[in-house]
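Two complexes follow with subunit A in common, the first pairing it with subunit B and the second with subunit C.
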Partner chain A sequence: MGWILVTSATVILFLQNYPLYIRSVPTENELKFHYMVHTSLDVVDEKISAMGKALVDQRELYLGLLYPTEDYKVYGYVTNSKVKFVMVVDSSNTALRDNEIRSMFRKLHNSYTDVMCNPFYNPGDRIQSRAFDGMVTSMMIQVC
Partner chain B sequence: MEKRGLIQRQEATLLDLRSYLFSRQCTLLLFLQRPWEVAQRALELLHGCVQELKLLEVSVPPGALDCWVFLSCLEVLQRIEGCCDRAQIDSNIAHTVGLWSYATEKLKSLGYLCGLVSEQGPNSEDLNRTVDLLAGLGAERPETANTAQSPYKKLKEALSSVEAFEKHYLDLSHATIEMYTSIGRIRSAKFVGKDLAEFYMRKKSPQKAEIYLQGALKNYLAEGWALPITHTRKQLAECQKHLGQIENYLQTSSLLASDRHLTGNEREYFCREILSFASQQAGSPGHKIVLPMHSFAQLRDLHFTPSNAVVHVGGVLSVEITVCSQMPVPVHAEQIAINVHFSIEKNNYRKTAEWLTKHKTANGIVSFPAETSPFPTSQNSLPALELCEMFERSPSDNSLHTTGIICKNVHVLLRKQESGASLEAPSGAALEAGAHVLKCTAVTLEPGPNAITFRTQAKEPGTYTLRQLCASVGPVWFVLPHIYPLVQYDVYSQEPQLHVEPLADSLLAGIPQKVKFTVTTGHYTVKNGDSLQLSNVEAMLILGHEENRAVIYSNMREKASDAALRVQSSDKVTSISLPAAPAYHVIEFELEVLSLPSAPATGGESTVLGMTEPHGKHKDTQKGGHCMATMDHKVSIDCPWSIYSTVISLTFSMPFRTTHSLLSSGTRKYVQVCVQNLSELDFQLSDSHLVDTGDSTDLQLIPLNTESEQRIHSRQAVFFVWELKWTQEPPPSLHCRFSVGFSPASEERLSVSLKPYTYEFQVDNFLTLYSVRAEISPPPGTELCKTGSLCSLEVSITRLSDLSDADKDEALTEREDYFSTKLMYEVVDNSSNWAVCGKSSGVISMPVAARATHRVHMEVMPLFAGYLPLPDVRLFKYLPHHSAHSSQLDADSWIENDSLSVDKHVDDQLDSGSVQSRGSTRSVASSEHKGLPMPRLRALPPGQAFNASAGTQVLVIPSQDDHVLEVSVT
Partner chain C sequence: MRTRGAGRLLGGEGRRMADAVLFEFLHTEMVAELWAQDPDPGPGGQKMSLSVLEGMGFRVGQALGERLPRETLAFREELDVLKFLCKDVWAAVFQKQMDSLRTNHQGTYVLQDHSFPLLIRMASGLQYLEEAPKFLAFTCGLLRGTLSTLGIKSLVTASVAALPACKFQVVIQRS
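The block that comes next holds the complex of A and B.
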């Protein structure tokens, strides 16, 4: 489960490695992001399984930098219900440090919780909430 | 170390400084035995440098940076490998694999840049670029120059020839894939594999590429990544095209043609690929290519006409399906067919007309769940959890000891996940060759929903299940292997049937009644001239009217037509000519029938009732005879469709019940006939007659009925009375026939004359022989009877006639011309108004002569005050004992009264019997003495004894010392 946010880029939310929500801002390279996020799931899985040994309440939801590439940095976050958020950020954007990424993830998590609270939302369906879209858009604009 | 000098001299470039710092870090880390951190930091450094060079817009010749990164990666890896043993390296692949893949990536881009990855080899421009790059590398470092293997040498070699590049690139790629796989990073491995596949495609060796593409595609499909799926499929399609795997290529093409993530042009291209293949192969029949349907078109819904999907043999069924074409362009399909599986229904009843009318699906539309097109494997197809609570109680005290939640569909959920991987496999898209196929030829499927109608004429009865849907475009067959949910239609065959049923609840005899005939034609076609032949029954007439009409309904109960009905009667057969009707229709018509009102023979129904008859018996017969007497008439009908005749039984009920009774007043006799109307109808009665059917001519029956016409309402009774008069000695028994004309009161006019209702009965021994008179006189000295004081009861029994035939029985004794008969009298007070003191019964010898009178005195005590009816006095014939007959006297009542009385004399056998019986239980008294010679009692026929004091009452005043006054008024 997860998300991607490529700097002004994509947000994907997965459930069991199925994308629940994908959004990328430079849409021309979407395929590349998809491949990248998909590959980064390997690292997410690795991190989660490593984390599984830790106590539940001490678990850090933020997974940190998953996977640096030349041009992008991929960050991960996993909720307690194993929904993974993945965010891809342009490496050239030096303004984004760990703390900012962390708070962005927290915002996404809150928003995702709201989506889940919607009684008409079936867990596992693709997210089509307008509020969620709006939040992601505002976050991307902020990042740009 | 020269970098250190450069830094000291402040001549170092940024890159130099970085390299220097990194090399120091490496040395330190290696000293610290942390070689894995080196790999990580190297990767970070390389990424960082590349980024910064970009930011600073440093101009470098194309490929130079890649060369640098590649060399750096390999150098670091070599350095790490140099200081660790094999086992350590193997267990820490996770740290180094990043560098490996980075190096692979860079080598790949170098290869593309220098034209090394192509079939033709590099062109001159590529060669120039290569030369530049090689020159830029400079001379190899002296440290490594002598070793056989060094990153520098590797790069140089790789760039210098196509073959060497291929070797090095493959080495690197395979190594990377292997490493990724070994640490479980399958997705990364697939991704590198895809690069490799691309490389192979460039090198025109698609057979090698295919396996990587398939692997990657499987992975993406399993995880539902739409864009990578599309992209990989596109690559795969190309690969399959090169390989000449026509079937696979067409399948992939059909998937791509329906892929929404592709542009319209691309989709159209793939669609045309299929179509052009189909048109090419059109000339060579026989070879079929079977592809799954879901990428081509999707079945949305299905609609039967008639909507209940039940049709009779020979009927026409149409199936309309809505198919949503996924193709971007209209596709002309030569044939669309549904394979149907036929099975004979064993339980044939379920397929009959009765079943048909009950069983109806909601408007006959079956909807199919839309496949989740963007994610063929998607999680959405997982069924929801079916959870239920479970409570287990201990059997002893019913307290809860276990509770839990059970997931009912575990098997489904678990199986789904396992089989999720093998989705791309063309699972059983085999064509089923069935004998039953619904076909539709030459259909053009427009993009989007298309309605296709199949028509079929039902042939054999049974259940037809729709199995497969297939569309053929030339030799290409798109097959939907299973239609789910299950869709089936039924064909039934029905035997022709005839039903005859009364319109009302029950048929009444004597008046015309309507009977409905229903002919269900079934598979038989009724022709003009077909007729029903009814064999006539004597007592039942079939009334034919001119205006009889038959209505023909279709199977769905829609009125089709109506036609006149011709009824012809001869003395034996009534023939009803049916109107022509097609098969599976219903002909309905009504006929009037008339059953003759023959009364049931005397006896069973009517009992001979007299005034002195005990009341209880009367009630019993009334209870039993509350329902109407019935008559069954069996009619056999010859139907045109069968050689056997149908026998139909019609039950008619008599609307009336008749009872008669003989009434006496002294010696005058009256016959009363009571007609009870049991039906719901009102009748008009007229012309009542009572005739003596015996031969006695001197007997007169004088009607006392005033009105000639009488209306008898439903559930009411009418009485008729005749006085019986005779001049000479009357016969001992009288045979009478009562007849009355009747007609329904509601109808004004009847087309047929109705037969009167008759009732025959017999009256025996109607002459009065004895008159019984009882009288109660107050005790002497008082004027009125008082409660508690004894009064005298005088019973006088008077013989009214001389010896007659009726007297001749066992009780009669003859002694010198003097005839006497033994009678037993009995005083009974059923209402307990009187206490009989002393003997309540006795046997007297009665002379058989007119005016002979016998008087009996006894004492009775009134128990209540008021006008009390006299106690009953009953007379019996006292017959001498004869064989082992038990007493005909109603034993219960007799003994009951006897026990009340105070026994004084034991002079009689009767009394001794009663003494004995008092000790034992009463009811068995008579049976106990079965063996003993017992006298028998026989009640006198009602006409023979006349109770002259019936209805007389005596005034009883309460005694003065009674504080409580009890008054009984009866």
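The block that comes next holds the complex of A and C.
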């Protein structure tokens, strides 16, 4: 159950609700983001269990807007391997549309898959891949 | 039958054919190499080789479990995951689907392949029955690894009654 958090701001990726990858831009206020992300994990869990019980064919990987606070919007995505990605975006960043968020999650998922396929990576370790870092950097530059 | 995901992975018809043969050769060499290196020729050493092979399959399965389901929707229940194993994973690795899947609905699944590609080159019938297990260890690990990435802890064993048909037994470990 990993999750990744990306903000205009921060990227965190978690496995089993402990972090696999954390990235912040800018680097102050990181604690606030960590706190926000922890609360959003509960929402993600809720959505996942709702998905299991729903009669509708609601089995998308993209979870959508989890909850909007006054300053930030939090988006979620969960893979089939139960890795959770959480993205926190500045509310002032109104230019970001839903399909852009979706494509960002897709890129994250693809990069995470590449990390997983790297034979030198032990599943469950913190992600230290430079390729992954590079992808996240370019994504955040795009967003900020 | 291949899923779109697997087809995209392997990049088209031509490359697909070479991939299968390459993997078969690599697998044969892996087994031969790991078996030869055994300093202890008794049953203890054999178990070590089998578990090394199984471990390799496990790590590959973990990666496969991350890459293959990418475009599919979230799995709703355990049986869906097993069906995914039988159809998509088997098709991606062995270019065919599993021939039968049975379950006792209590966490045990038996996957049957009547003509397992890694055994088919050897013989039909009982000739190499004793040698068969080492050619199944990697695949058992593969299944276990894929299940593990998809959130299911399991124990996978294989049995052969007569080549090239074999059965994989998956027992879900509930903690």
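Methods note: the second predicted complex is superposed on the first by the 131 of 144 C-alpha atoms of A that agree within 3 Å, B and C clash if a C-alpha of one lies under 4 Å from a C-alpha of the other, contacts with A are read in each partner's own complex, and residues count from 1 in each chain.
The criterion applied here is as follows: contacts are C-beta pairs under 8 Å (C-beta built on N, C-alpha and C of every residue); 3 or more make two chains touch, one makes a residue touch a chain.
Please read all numbers here as calculations on a predicted model, not as lab measurements.
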For the overlaid complexes, name the partner, subunit B or subunit C, with more touching residues on subunit A. B
Subunit B versus subunit C as contact partner of A:H109, first or second or both or neither: second
In the overlaid three-chain picture, which partner chain does A:D125 touch, first (subunit B) or second (subunit C), both, or neither? first
A:P19 in the overlay: touching subunit B, subunit C, both, or neither? Say first, second, both or neither. first
Quick one: is A:E46 in contact with subunit B, with subunit C, with both, or with neither? Answer first, second, both or neither. first
A:K82 in the overlay: touching subunit B, subunit C, both, or neither? Say first, second, both or neither. second
Tell me the contact category for A:C117 with respect to subunit B and subunit C: first, second, both or neither. second
Could you tell me if A:Y35 is touching subunit B, subunit C, both of them or neither one (first, second, both, neither)? first
With touch defined as at the start, can you tell me which subunit A residues reach subunit C in the complex? 51-52, 57, 59-61, 78-82, 109-110, 112-113, 116-117, 119, 123
Over in the complex, which subunit B residues touch subunit A? Could you list them? 43-44, 47, 50-51, 54-55, 94, 180, 183-188, 191, 220, 223-228, 231, 375, 378-380, 382
Listed in rising order, subunit C residues that touch subunit A in their complex are 59, 62-63, 65-67, 69-70, 72-77, 149-151
Which of the residues in subunit A end up touching subunit B in this complex? 15-19, 30-31, 34-35, 38-39, 41-43, 45-46, 68-71, 91-92, 124-125
